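Take a look at the structure below.
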Amino acid sequence: MTEANGSWATNEGSRYVTDELYEQLREAAARSNTLGRSLDAAATAEAASLVHFEARLLDEGRYGEWTALFTEDCIYWVPITPGGGDPRSEWSLVFDDRRRLLDRVAWLEAGWVHPRNPAPTTCRLVSNVEAFDQPDGMRLVRSNFCIHESRRGRMRTWVGSYEHVLRRDGDAWLIHRKRAMLVDSAEAHENLVIIL
Amino acid sequence: MTSGAERAGRGAGRDYDQLVQRSRVHRSVYVDGDIFAEEMRKIFGAVWTYLGHESEIPEANDFKATRLGLRPVLLTRAQDGSIHALLNRCMHRGTVVCTAASGNARSFTCSYHGWTYSNTGKLTGVPFPGGTGPDFDRSELSLLALPQVESYRGFIFGVLDAKAPSLREYLGPAAALLDEWIGGGRSRRLVLRHGARRIAANANWKLYLDGAADGLHPLFTHRSFIELCSSRYRPGLFLSEFRRDPDDSEMYSQIMPNGHQYLDQRPSMTPTRWSAARPMPGMEHGVERIRATHGERADAVLEQAAFAGMNIFIFPNLSLVDNNIGVIQPVAANRTEIHWYPVTLSDQLDETLALRMRNGEDSDNFVNVDDVENWERAQEGLENVPEAEWLHTGRGIGTSEPYDESQGVATVAITNEEPMRAYQQVWKRLMQAPAPSLSGVAEGSVPA
Amino acid sequence: MTSGAERAGRGAGRDYDQLVQRSRVHRSVYVDGDIFAEEMRKIFGAVWTYLGHESEIPEANDFKATRLGLRPVLLTRAQDGSIHALLNRCMHRGTVVCTAASGNARSFTCSYHGWTYSNTGKLTGVPFPGGTGPDFDRSELSLLALPQVESYRGFIFGVLDAKAPSLREYLGPAAALLDEWIGGGRSRRLVLRHGARRIAANANWKLYLDGAADGLHPLFTHRSFIELCSSRYRPGLFLSEFRRDPDDSEMYSQIMPNGHQYLDQRPSMTPTRWSAARPMPGMEHGVERIRATHGERADAVLEQAAFAGMNIFIFPNLSLVDNNIGVIQPVAANRTEIHWYPVTLSDQLDETLALRMRNGEDSDNFVNVDDVENWERAQEGLENVPEAEWLHTGRGIGTSEPYDESQGVATVAITNEEPMRAYQQVWKRLMQAPAPSLSGVAEGSVPA
Amino acid sequence: MTEANGSWATNEGSRYVTDELYEQLREAAARSNTLGRSLDAAATAEAASLVHFEARLLDEGRYGEWTALFTEDCIYWVPITPGGGDPRSEWSLVFDDRRRLLDRVAWLEAGWVHPRNPAPTTCRLVSNVEAFDQPDGMRLVRSNFCIHESRRGRMRTWVGSYEHVLRRDGDAWLIHRKRAMLVDSAEAHENLVIIL
Amino acid sequence: MTSGAERAGRGAGRDYDQLVQRSRVHRSVYVDGDIFAEEMRKIFGAVWTYLGHESEIPEANDFKATRLGLRPVLLTRAQDGSIHALLNRCMHRGTVVCTAASGNARSFTCSYHGWTYSNTGKLTGVPFPGGTGPDFDRSELSLLALPQVESYRGFIFGVLDAKAPSLREYLGPAAALLDEWIGGGRSRRLVLRHGARRIAANANWKLYLDGAADGLHPLFTHRSFIELCSSRYRPGLFLSEFRRDPDDSEMYSQIMPNGHQYLDQRPSMTPTRWSAARPMPGMEHGVERIRATHGERADAVLEQAAFAGMNIFIFPNLSLVDNNIGVIQPVAANRTEIHWYPVTLSDQLDETLALRMRNGEDSDNFVNVDDVENWERAQEGLENVPEAEWLHTGRGIGTSEPYDESQGVATVAITNEEPMRAYQQVWKRLMQAPAPSLSGVAEGSVPA
Amino acid sequence: MTEANGSWATNEGSRYVTDELYEQLREAAARSNTLGRSLDAAATAEAASLVHFEARLLDEGRYGEWTALFTEDCIYWVPITPGGGDPRSEWSLVFDDRRRLLDRVAWLEAGWVHPRNPAPTTCRLVSNVEAFDQPDGMRLVRSNFCIHESRRGRMRTWVGSYEHVLRRDGDAWLIHRKRAMLVDSAEAHENLVIIL
């Protein structure tokens, strides 16, 4: 990863995080429970293919391939406030721009994280995939997840819904924004050291 | 099946002088459910205990649900602005009266049989009063209320003992540290309105306290974060100073009466606290904007987004770290929650707000998880090896005077375990004292 | 890790006179696991306890698995028609002998080492008897059986005490209420063959008892149902009468010896009980058909689908409400199941059957859930505030005579807490008495 | 909701609940474990689209839109007896005709239900969607669900399988009958105050 | 909330002579959490207890995490090849030092504050030693180590008592059985490198022991397997011999000092052990290949894939069954894990390997599950019927002499419960003795 | 089942279990975390149809129909070693060739298995279905499962991922190999007496 050096501290991997972006995120979250019916079967299947591939990459720890699914100006966001709230003025469980997302992967992979020694194994069920077109040409994908995490004989579950915003990139779609909304986001959680 | 509370009393026969010694503490202090039940009565509420912040209930009739140890509490602001801490437990048959997390209400009606209490706890209504009978005296059936509730700079504390000395006295020299943490003069206020991050650990609550002013663990516990900073960024970022021998460090710890502790991390954050901040989302954009707007004051403004660098712990449950208020919430001998509230300042500039949020998440995401894992590993070891009876707490004995509360503030090296030894003496004193009683309750009391 | 049963005995030292007073009860009675373990021995089975209904085991050799407190029990009908209650626990090494919920069997073979018992409990076969040895006496190793099992109008009860007075005596005036609930003369029988709805609450089992004859809580606890009826339908439907001051109500509660209770709701269901029924699925079709078929008898026929309006509670575990039998099944100090069995009548008309089912579901769906929530809120408050030691049980003291069992039946206002105070006296008496012993067990008994 | 008045007590929202209907329900349940392979991908996707939309409406508390998915003579049934049993002579966990279904929604929305103060949040995974044609022209849809319900720091799960019977309504399908079969339907359950 | 360990001591007051009698054992021995906590101190480690196998740590500096009762243990092979059993619990604050299941390491660094221990347990490094203070003596803070660790034929055992007689002495006549089980002369070694199958049962660990040499239960407990064999295959397969009256059987059980037990199943596996094997995946292919390669030795070679037919139990936690090592891992009074390790021989032929694996899975899949279910049914019955206090253990009394350890080996019929009675006497003796102490721990010990 | 007699002991139902087969299984497992994107929507839907049908047959106890979905030389494998390991030299939770698979069904159905008296009820969520073509013409299908098992008032869950290898059989696909990888495969498990 050539990005993994001090130059990041002033590079583009974070510059797009502006008040305007925050406002977009806040509005999108607030709007998210007004969606109608999913697009047709083809669009839904296309979306499912991507979110299932993504889930598999995470379950198998293929983080390099995983980050390659994201746009350069991506956001990976796990709000605490049910529904999303306002990330500009509130804490999130996770709020990653591309730089911090790469930090996170580097941190996971370096091997020093005690709650990942030994590393948990995970299995992600992602169902209820639905797809929607946005006015800006992006593709919005909703799905629900249930992640089982096993470590040292104990099992944890992480449950909630995803909203992926996809941007077309040639023939394919890239993940532009990913929001994971835990069903119990504002409650106490044990250590979160996996990517949702 | 055994509820925690019912066991209070079983822990009473312990010989706490045996269990808490100068250079070691017995494992049962961390694993014994009976001792835990005893703590819930004799520590939480026996001394001034943090309950919430004024900015959480800013308006008349606002309320917030909280806990005093395990006890459900309603923290209310009455119509006249006064603050009350009511035990959220109906005096009829024990029902939790209010299950909302917060809100605005002049009164609370119990969902079971409709008894209604004012937000000062007074029983104002009982349905069909014609049938209560002549002995029924409504005035004796107010919600139990903490006899003393006081706040300091917005931090609200309560105590069950009507005769406890004042909060100001209890805080002692820690009050000045709170002032310093807030900064900006007496008119500045803190604002808790940015959500709360609640974490859960399968470990005893005192494991948090043991690390509150400890400068030995970061290099080992937080190695993942330190490596992240140095491998992807540059030297000198947050926590990297802990690599150095603490005897060469300008950082220091302080011990105060009543179990309060302090670690000053600011000497490691130079030239400015902001300069030690790890890059966070939106940093470049934010900094440019601030530099453009504020010119030479930009560096000072950026300090609003930087960590405070002061680690203040107010016994038994309030921790100020980074820019957050941490509230220690015991759940069981081997289960603890920490509720982190990011705070801002009444004069926080809009342009530093998002940076401050993002900066704070960094510690939550990459630092605290390693603490939690180590607490859980400690709990596992302590629970399962009865032959290894002791926690070693002797580091630094002989390098500093044994702390005595009459000293006021004592300053020690950041790896000295004297702050831990000091709060344990307070803990022992409280556990050896009788549990506090609420007026009207003590009489009629039944040994559990 | 601590099984409930092993703790029996620890609760023995309690001073129950202190814990259960005339106008208050101590919280430990609801939250203490040791007291719970004691109750499982000293309440359930120490008096006649409901085990099942004859219509559940109608044929020779039918059986049904049930519990007596926590004890697994096989309720069997032998070849000769006699009914037996066997402790479902192999006398060899303690294995639960039969894991089927019900069935038809002349004998039961333990899955572990093949000991075989008849459905009267007799050990009829041990494999390879040549190897048992000379001291082995099969006749001493029958399944433990309840020494007394009797039924009244199909309700089967059992008691561990061989010398307990008869069931009829135990029921006392409640027997007539059972007759009235069934109605239609001695030849009418109840039929339990319509499934069972099992609900679980994280609360102590006695919270059910506290509400068994209470007319104060419905207006508050069941507000969601009352509002539903009034907002979408019309006044006068089920429960709406509880809006009125109970002193103006024709409803009344009754207290009987041995802890039995009664609340008569029928005065609020006029002109017919059916007229108070909330519309249920299929009502229009059903009513038309009945009116077409039965002409002037239609109103009388429809009463078969209406709630009985009689709330009968037989201490310690049988509740008759609406058209259902409710069985209180304690699980832990803070966990209780209620098993609801809808019943029909031996002369139930086919055309009222579905209406009766649908009507019953209404209470389950929209009424009982609010009770459960309040029990759980009460349990939460009782467990977590040790300083608030008491449940208040004094409503109505001074408005009626203190109940004394020698009185027989006492009638009180429906919001008077005297029925609760009365059963608590019975509870106290039993908890202060020694646990019942089974013959052959007492000798050799080891203090747990 | 103009239906929300006393006129319901004698209206059509319940009149179709007849012995014949009960018999249909009983028979359909008894037959339900004899189904063969699902219809083609298009029919399956169409079915999935509907049950996922329905699940989302319930998770988001959009009860008005949810009831609009049902036919006027709908049944929402949650049997206790494994397999279904005979609803005419047995209790169900839920047996709603349209009237009681609207009652249920009104009851939920009025705000007086104590176990919904505060309200639980839910997340429904609905997977294994399969579709079948019925001789009567209806479309039968089978799926499995796992609903996580979070409230006051506690999580509950409700697990089982759905059978939706859809009736064509112009271009779209409406839900004519919905049966939710909990995997532990006859066991004890904590408070059921959500729609399954 | 109550950790198991904290309860040790509460079980101390039991009258074990009352609880364990010649023909019966009290249920509390299986269900009482306090007795369980006591067992974890007084049984596991008080006598030689199995910890692991040499083939699991073959190289210098290999280690494996295991448990001694509930205590986490690191089993290490030092640079010099010596084997050590270290309590995996940091001497600083109790943290589990190593969370890896196995690996290769010369030293272990605690993740909390960086104390470093060699793989012989020595505390070799403490960070920033300048701050420890003058009283800090590193040599006193080694990891607690089992004072005695010995192995026999690769089986590694440890004991907390420094003065315990040798392992060889403890094994007594069981050592020869181990030799026989391994077979092939002293040069043959066992290999544990084929994974581990861990099963969990909601039952007390001693239920495993009760069946270790019992020939009565198979016909009933394992009926599903026996029926499978006879319905789909032919008579004479594994376990089918248990259909016959054991008095006509050539199989026999043996009792040894210190609680060890043995059941010889080989007489039922004729003409060869392989001939009793149920068909397993790949059998035809494997047999053909072996016959083609080995000619007349083929039958002998196939015995390598067949079950050993010897059931050896070394008290308290090692079981040899089929071709597997079973390790009994207690978790709670009502929870036990069995860790099954399939083993092969140092001279195992490649062509018998897969057959041996597949054969072993058969017992796991189709046999053991029925044992587990019966243990759980027994636990359920034992926990919930306090009035049925006893497990009956009297089968065979009067048909053989009461076993006395001075006898050495006693041989009894396979349905005789004398082996169970015999180990219970050992259990009682240990529970009546004081708990073992580790040097340096006893002094300073605090009664829990 | 005419196969259910002693002739099985030497018949073809096991003969294909050779060292070569073991090597294929080991390699396939080792390769399984290198898969790319799923095939198109049609192939994915076809795969989902089969695995959902299979899941339903198991939930409904239709074992005869279930075994009919498998090839004559099938393998049903549940490894203990995470990722699969080497079944030739390691124990598995289950390693069935056709003969032992039929044994298992006969064993389940005969009614003598104590932990199945009474029998548990199950509900299988199978999601994240993805399909891949193999060089040998087989179709590989990946999916994730969460099985809830209810018995006597207790609920257990079995969570992990499936890999089905399908072989074309005329118009249809048969299951040639099925591997179920539990997320906690190497941890302790309570009684496994259902087919995963």
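Residue numbering begins at 1 within each chain, and the chains themselves are lettered A, B, C, D, E and F in the order written.
Rule of thumb we're sticking to: a contact is a pair of C-beta atoms (placed from the backbone, for glycine too) under 8 Å apart; a residue touches a chain by one contact, two chains touch by 3 or more.
As the structure is a prediction and not an experimental result, all values here were calculated from the model.
Enquirer: Which chains contact both chain C and chain D?
Expert: B, F
Enquirer: Need the graph distance between chain A and chain D over the touch network, please.
Expert: 1
Enquirer: Between chain D and chain E, how many steps is the shortest route if every step has to go to a touching chain?
Expert: 2
Enquirer: Based on mean C-alpha positions, I'd like to know which chain lies farthest from chain F.
Expert: Comparing chain centres, B lies farthest from chain F.
Enquirer: Counting C-beta pairs in contact, does E-F beat C-F or the other way around?
Expert: Pair with the higher count of C-beta contacts: E-F.
Enquirer: Which chain maximises the distance between its CA centroid and that of chain C?
Expert: It is A whose centre lies farthest from that of chain C.
Enquirer: Taking each chain's centre as its mean C-alpha position, how far apart are chain A and chain E in Å?
Expert: So the centre of chain A lies 46 Å away from the centre of chain E.
Enquirer: In whole angstrom, what separates the CA-based centres of chain A and chain C?
Expert: Chain centroid spacing, chain A to chain C, equals 52 Å.
Enquirer: Provide the list of chain C residues touching at least two other chains, using ranges where the numbers run on.
Expert: In chain C, the residues touching two or more other chains are 2, 4, 99, 111, 221, 370, 373-374, 377.
Enquirer: Could you pull out the residues of chain D that touch at least 2 other chains?
Expert: Within chain D, residues 41, 45, 114, 125, 127, 146, 187-188 contact more than one other chain.
Enquirer: Go ahead and list every pair of chains that touch.
Expert: Applying the touch criterion to every chain pair yields A-B, A-D, A-E, A-F, B-C, B-D, B-E, C-D, C-E, C-F, D-F, E-F.
Enquirer: Which residues of chain D touch chain A once you look at their complex with the stated criterion?
Expert: So the residues of chain D touching chain A come out as 41-42, 45-46, 48-49, 52-53, 55-56, 59-60, 62, 121-127, 146, 148-150, 153, 155.
Enquirer: Which residues of chain E touch chain C in their complex?
Expert: Against chain C, the touching part of chain E is residues 2, 4, 15, 18-19, 23, 26-28, 30-34, 36, 210, 216-217, 219-221, 245-247, 332-335, 370, 373-374, 377-399, 413, 415-416.
Enquirer: Using the touch rule from the top, collect the residues of chain F that touch chain A in their complex.
Expert: 33, 35-38, 41, 44-45, 82, 125, 127-130, 142, 144-146, 157, 159-161, 183-184, 187-188
Enquirer: If you look only at chain F, which of its residues touch chain E in the complex?
Expert: 4-6, 8-11, 14-19, 22, 80-81, 85, 87-97, 99-100, 102-104, 106-107, 110, 112-115, 186-193
Enquirer: Spell out the part of chain E that touches chain F in their complex, as residue ranges.
Expert: Within the complex, chain E contacts chain F at residues 193-202, 221, 223-225, 227-228, 231-234, 279-285, 337, 339-340, 342, 353-354, 357-358, 360-362, 364-366, 369-370, 372-374, 377.
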